[in-house]
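Per-chain residue numbering starts at 1, and chain names A, B, C and D are given in the order in which the chains are listed.
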Amino acid sequence: MTNEVLRVDFDLLDRQIVDLDGHPVGKVDDVEFGTTADGRPFVAAILVGHHALGERIGGRLGRWMAAVARRLHTTGDPQPLRIPFERVAEIGSAIRLDVRHELLNTPALELWLRDNVIGRIPGASDAGQ
Amino acid sequence: MLASDLLGRPVRDRDGKPLGRVADLLTEPDEHGRQRVVRVLVTPRRRGRLLGFERPGIQRPWLLERISSLLHRGTREVPWEDIDWSAE
Amino acid sequence: MKRFLAVTLGILTAIGGFVDIGDLVANSETGARFGMRLAWVVVVGVIGICLYAEMSGRVAAVSGRPVFDLVRERLGARVALANLAGSYLVTLLTLSAEIGGVALAIELATSVHYLLWVPIAAFVLWVVLWKVKFEPMERVFGLAGLALVVFVVALIALDPPWAQLGQQVTSPVPPATEDWGTYGFFAVALFAAAMTPYEVFFFSSGGVEEKWTSRDLAISRVNVFVGFPLGGVLSLAVMGCAAVVYEPLQAQVDTLGQTALPVAMALGKLGLVVVILGFFAATFGAALETGLSAGYTVAQYFGWQWGKLVRPRQAARFHTVVLISVLLGVALLLTTADPIAITEYSLVFSAVALPLTYLPILIVANDRDYLGDEVNSPLTNVLGVTYLVIILVAAIAAVPLMILTGMGS
Amino acid sequence: MLISLGAVLLALVLLGVWPTTSGQFRSTVESSVQDAVSSVGTARTTGQTALRGNTFGAYESTVLDDTRKSVATAITDVVESEVPDQDSRRLRDEVLPLLQESARLIGDLGTGLDSDDRGLASSATDGLAEVGERLTAALEGLR
């Protein structure tokens, strides 16, 4: 990205997030702002999760998506994955983080399916290509 | 505060004149490197993604760019401080 | 050899797109009813898919982003969700039909009813999707699908009245026995078959799975410009064979067995064996293509880890979508829905879903932030916009034509 | 919601019991005859190809099975339609024997090929060629 100006809707929202090695982490489902001393918002974090996406889409479908996402969380208060903006290394055709995806929380749905469905099928741990 | 709370909201200028709806938020880094919102892209019509033709220097394919700018006629950038967010 | 094998992705994509179960029968049916009077649609379709597959391959190679990433990124979460719903439905219906097609191909060789083969075919399909790595999968089924070249040989061996076929090609109007409504319906269906969205989903995602970079642009182009025209030639040969054999009899074609008959007439038992093998490979390849594409679209919309590069454990959501899609496909077939009718419906719906897939590709292929200096040339843009208009016309006409002609009957 | 559902159901029932017009009957017959033309043509070509030794058993029986079922459906469609008037009755009496003849010949062809009875198979093939011509003539009259 050559220009210094960042467009929140265009450059951030709905872009693919990848980790240091290019592994998909998720989509930017929403952006969280902080407030500077003079009352201006600044980009504080990017949020990832069906529940953030559902709330952004809105309407019946969005509410349904958010409700499903909440259901899938078995523990505590469901929160989308929050990635502080300082962790963003590069904004291009994808948003590249400066950490590996193992350090981020694995989404509940992935975890549940891994433990209860896919992980139980023989060969699930065989190396990919 | 979330981006989804701001985008798509109808806003007015400081004199109370309606500006349209918020289509995008433009940020620039401050001295701490924080991306602060400096300008707001407002559009008189209903918000849909602008397809990226609103960025300077993006003009091809010509026909799509014409259609997009026709559909989003009147879209412009307004400095953050000139916007009254309280208006509904 | 390695050079030659590099084009198998394009061949598999094109065979899955052009000569899968629905197309095999639809091309035969078109040939039987219209002779070669709709051949021009295949040519128009081949040019269109080449154009857009090249763009999507270029974007995938330079930026590493497959098509459904672009769809959500440019159209926004909500519109992309509508596209996702449509594209997934089309891909799922096609997957179901392809599983049925595999079973029908085995029925031709065994005379055991196809429904008994459906669960077995689906299980083998899933095992391949689960276990086999991307490149061997693409090579085996891409190359085996080439057995369908037997249709070209058969057409030549039938020694058709070339002058008459040529005259039909150059007179794009319905024959005396058909009206403009059915002509238009078949034109839209053939065009949609050539440009079905899962081809670009699969091709661009396959490029990412093969780890293409900007150095592989040449490979991507060769894949496109060898694979899709080859698919087009095969589908014209299928059409031509049916035109020669069935049009004089005024017979309509609606089974896979009928599609194979001209080859048996021209080339005998051996030809028949090869053609049935080709049916099997092409439908199985198309089933792989659509099965993976079902997973690709959903995973790429939500940004999940996808693909066969990682262990299935690490892409649990992606593999779950693939598994559920295969199961849904089988469930649909076990209601005894006719696999060939299923593809005919999916073709019409795919015409409706086309614009929302191809528009973002065209826009991003012009974006220097993504492609640097590899953006579209002005000529590509003129063609791209022209095809977008054609796609839009086909999309708008599809459903009214379907209702007016009662699926072209 | 319930009212509209009821209206749709009522419409479906009415469509089912509404008397057929002669136009509808004619179009049912036309599509049955078209199906029979397709099946007979396919069966005949399959028979010729098989007699030349260019196919194998599993393929023949799959293709002939499909054509047999298609003709059976065509017969059922005509038989089960209500005959609205004299003209339609004449049409039915003209077409039905052709359809039944087709079904019989396709059955014979299958039996002939299955049991390696070349005489039966080739006379069935010749018969199919002949009934095919009559069906095509009937189809042209119906269009």
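Throughout what follows, a residue touches a chain if its C-beta (ideal position, glycine included) is under 8 Å from a C-beta of that chain, and two chains touch if they have at least 3 such contacts.
Values in this document were obtained by computation on a predicted structure and should not be read as measured data.
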Identifier of the chain whose CA centre is least distant from the whole-structure CA centre: C
Chain at maximum distance from chain D, centres defined as averaged CA atoms: B
Where chain C and chain D are represented by their mean Cα positions, the distance between them in whole Å: 32
Between chain B and chain C, centroid-to-centroid distance (C-alpha), Å: 40
Whole-Å gap separating chain A and chain D, where each centre is the average of the chain's CA atoms: 59
Of all residues in chain A, the ones touching two or more other chains: 13, 56
Of all residues in chain B, the ones touching two or more other chains: 49, 52
Junction residues of chain D, two or more chains touched: none
Every chain pair meeting the contact rule: A-B, A-C, B-C, C-D
Residue ranges of chain A in contact with chain C within the complex: 1, 13-17, 22-27, 29, 48, 50, 53, 56-57, 61, 92-94, 109-110, 113-114, 117-119, 121, 123-129
Residue numbers on chain C that touch chain A, as the complex places them: 63-65, 69, 72-73, 76-78, 80-81, 130-131, 133-135, 209, 299, 301-314, 316-317, 319-320, 323, 369-370
Chain A-facing residues of chain B, complex: 1-4, 6-7, 23-30, 34-38, 41, 49-50, 52, 54-55, 80
In the complex, chain C residues that touch chain D: 107-111, 177, 245-246, 249-255, 257-258, 260-261, 264-265, 267-269, 271-272, 276, 409
Chain B-touching residues of chain A, taken from the complex the two chains share: 4-10, 12-13, 30-36, 40-43, 47, 55-56, 85
